[in-house]
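Several structures are given next for inspection.
First chain A sits with chain B, and in the next complex the same chain sits with chain C.
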Partner chain A sequence: MSGLGEKVNELLFELGSHKIPGLPLTNYMFFLLIAFVLTLVFFLVASRRLSMVPKGIGNVAEMGLEFIRDNVVVDVMGPEGKGFLPFIGTIFFFILFNNLIGLIPGFKPGTGTMGTTVTWALVVFIVYNAIGIRKHGAWGYLKSFYPPGVVWPLAVFVMILELISHFIRPLTLSVRLFANMFAGHVILGIFSIFTVLLFQAPGVAKVMGLLPIAMQIVMYAFELFVAFIQAYVFAILTAVYIGGALHAGEH
Partner chain B sequence: MEVILPAKTMIYEVIVSLVSFLVLFGVLAKFAFPPITKMLDKRSETIRESLEASEATRIEAERLLEEYKTQMIEARHEAAKVIEQGRKISETMKNEIMAKANEDAQALLVKAREGIEAEKKAAIAELQSSVADLSVAVAGKLIGETLSAKDHAKLIERYVAEVGALNEN
Partner chain C sequence: MIGSLSALGAGLAFGLGAIGPAIGIGMIGGKTIESMARQPEMAGRLQTTMFIALALAEAIALLGFVLAFVLMNVGAK
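Right, the complex of A and B next:
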């Protein structure tokens, strides 16, 4: 098991974000653009292959979008939230495609770097606050943070807490997605290192290398699950934030 | 471990992820999602409509079946009534015919009896007259022409009375 520490350091360096020489891209952005093209092509092709009797790629896209519409948008915001389906749908499918291509060995998920997740979380933050301000006016939206029926010194304290929790939202949103994707790849990488190192062991001890391979398979299934869950969580939290901004002040 | 990027590297990621997200959102929202949601709505509308239509058809079919059933029952009653009526008519006709035949036979019988009676009476009357003549002739022959006209008449009277008594028996 010599060289384990060295190999783990190599892995972490490899999983970090690096600029590609000569291009205005990092390694993660390269894969993000692949996911971008795949998402775009998938939906453009699917939306041209729709039929009354559901089948093929059109049916897959329909099922996905119907799930987001009924189980995320309408469930959280009610029927009046349907107008936000394109926004939340784009978030869900772009994250999902990124997470999924990251599972191909040698690929990385565009969501596995803070640059991406912070950007998107800030987009969500700006969008939902803009929606709140447009619905209630700047002053009305701000007033909605002031809790009614609480004695005033305490109410100001609560309001400050509310505001802080709102400003923490983009941070939690971005770190949750990034950490899940990054950590998943670290785990897969470390089991790969174990496999390689154990197969270098002398004699019958090589058999031990089968254990991390089995773990690898289990973790792959788990990461597939995480890829869906994290896209779903990001999308549903976006819906919750927008819904909250629309109904601000109705405690 | 370089999880937190240097600002210069980070700016590339912010720009690329922001622009790609905005482009994707624009294209999908304009060209891809509307036809898909339209198809979803159209399909659910079609399914709802055809379900309603089949429900209406089912109700109509049930109504028709009910109607035919009552019609069938009515027709059966009607037929039974017609048969019953026919039976009654034939019964009365039979009775009438039989009564008339009986009557006719009775009348015929009476007439025949009357005829026979009249024949008998005529025959008796003829017999009486011929017996009177014959007995005068026979008496005349037996006792010759000795009998006076008074005796003659007496004799005839007695004889006729005898024959009449015979006839009355």
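Right, the complex of A and C next:
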């Protein structure tokens, strides 16, 4: 098993974001663009011929959107949240397409770099705070952090904690998505390295190379699951945050 | 010396950081199954809540993961 360290370093460099020579893009921006075009084309094709009974790709798109509407938007925010379906649906499908193209060998998920996920988390942060301020007014929204019916030293302490947990939200939101996608690709890469090194090994050790291949198949299936779950979790947390801003001061 | 210590630190950061969330995720999953068995008609809403709690618990483990990478790069310099 010689050369493991170098190969791991090579993998980590490859998974880091670096410029594509000759283009004003980094490798992750390139795959983000692919996912963007893919999402656009998917929905343009799906909505080309609208009918009461959708067929083919339109059916898939409708199923996905209905899932978001019923299981994410209405479940978390109630019927008044239906107006936010376009925002949350866009987030869900864009992240999903990003995660899925990352599973094609040789491709990377646009979400596998911190830059992308921090941007989205900040967009979500600004949007839900803006919604809260528009609904309750700036002072009313700020006041909703102050718990009523508690002695004031404790209430101020709780308010500070609430504010801290508020500002930590974009951090956890972005780190969760980034780390899940990144870790998945590191694991798949490490098992490929094991496979290659074991097949290069002399004698009987070659047979052992089949084990990492089996593990890779299992991990690939798991990554497929994670791709869906992470898009779902990002969408549902966005819904929870917007719902919290809408009902600020009622808890 | 710094390099090998930082590798050790990175491993420990992720390994120890994963203990708590692992227990938490196990409890979340177990309790959700328990509640679903008790009230199958609530399964949909329980699942939604479960994923929210799961995501919050998981984020802590992933902070350890990111920290591990930061520590590894400290050693590389």
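The rule is simple: the second predicted complex is superposed on the first by the 247 of 251 C-alpha atoms of A that agree within 3 Å, B and C clash if a C-alpha of one lies under 4 Å from a C-alpha of the other, contacts with A are read in each partner's own complex, and residues count from 1 in each chain.
Here is the rule we go by: a residue touches a chain if its C-beta (ideal position, glycine included) is under 8 Å from a C-beta of that chain, and two chains touch if they have at least 3 such contacts.
Please read these numbers as outputs of a predicted model, since none were measured by experiment.
Trainee: Overlaying the two complexes on chain A, which is it for chain B and chain C: clash or fit?
Mentor: Once chain A is superposed (C-alpha atoms), there is room for both chain B and chain C without a clash.
Trainee: Given the touch rule stated above, what does A:71 touch, chain B (first), chain C (second), both, or neither?
Mentor: second
Trainee: Is A:28 contacted by the first partner chain B, the second partner chain C, both or neither?
Mentor: A:28: touches chain B, not chain C.
Trainee: Give one of first, second, both or neither to describe whether A:176 is in contact with chain B, with chain C, with both, or with none.
Mentor: Only chain C is touched by A:176; chain B is not.
Trainee: Go through the superposed model and pick first if A:116 touches only chain B, second if only chain C, both, or neither.
Mentor: first
Trainee: Could you read off the angle at the CA centre of chain A, spanning the centres of chain B and chain C, to the nearest 10°?
Mentor: 100
Trainee: Determine, under the contact definition given at the top, whether A:229 touches first (chain B), second (chain C), both, or neither.
Mentor: It touches chain C, and chain B stays clear.
Trainee: For chain A, which side has the bigger count of touched residues, chain B or chain C?
Mentor: Ranking chain B and chain C by residues of chain A touched puts B first.
Trainee: Which partner does A:133 reach: the first (chain B), the second (chain C), both, or neither?
Mentor: neither
Trainee: Please work out whether A:237 is in contact with chain B alone, chain C alone, both, or neither, and reply first, second, both or neither.
Mentor: second
Trainee: Between chain B (first) and chain C (second), which does A:213 come into contact with in this model arrangement: first, second, both, or neither?
Mentor: In the superposition, A:213 contacts neither chain B nor chain C.
Trainee: Pick out the closest CA atoms of chain B and chain C after fitting on chain A and give their distance in Å.
Mentor: When the complexes share the chain A frame, the smallest chain B-chain C C-alpha distance is 5 Å.
Trainee: What residues on chain A touch chain C, complex-wise?
Mentor: Checking each residue of chain A against chain C gives 71-72, 75-76, 172, 175-176, 178-180, 183, 229, 232-233, 236-237, 240.
Trainee: Which chain B residues qualify as touching chain A in the complex?
Mentor: Checking each residue of chain B against chain A gives 1-5, 8-10, 12-18, 20-21, 23-25, 27-29, 31-33, 35-37, 39-40, 42-43, 46.
Trainee: What residues of chain A sit close enough to touch chain B in their complex?
Mentor: It is residues 12-13, 16-19, 24-26, 28-29, 32-33, 36, 39-40, 43-44, 46-48, 50, 52, 54, 58, 61-62, 65-66, 69, 85-87, 89-90, 93-94, 110, 113-116, 118-120, 123, 182 of chain A that touch chain B.
Trainee: Applying the document's contact rule, which stretches of chain C touch chain A when the two form their complex?
Mentor: Checking each residue of chain C against chain A gives 44-45, 48, 51-52, 54-56, 58-59, 62-63, 65-66.
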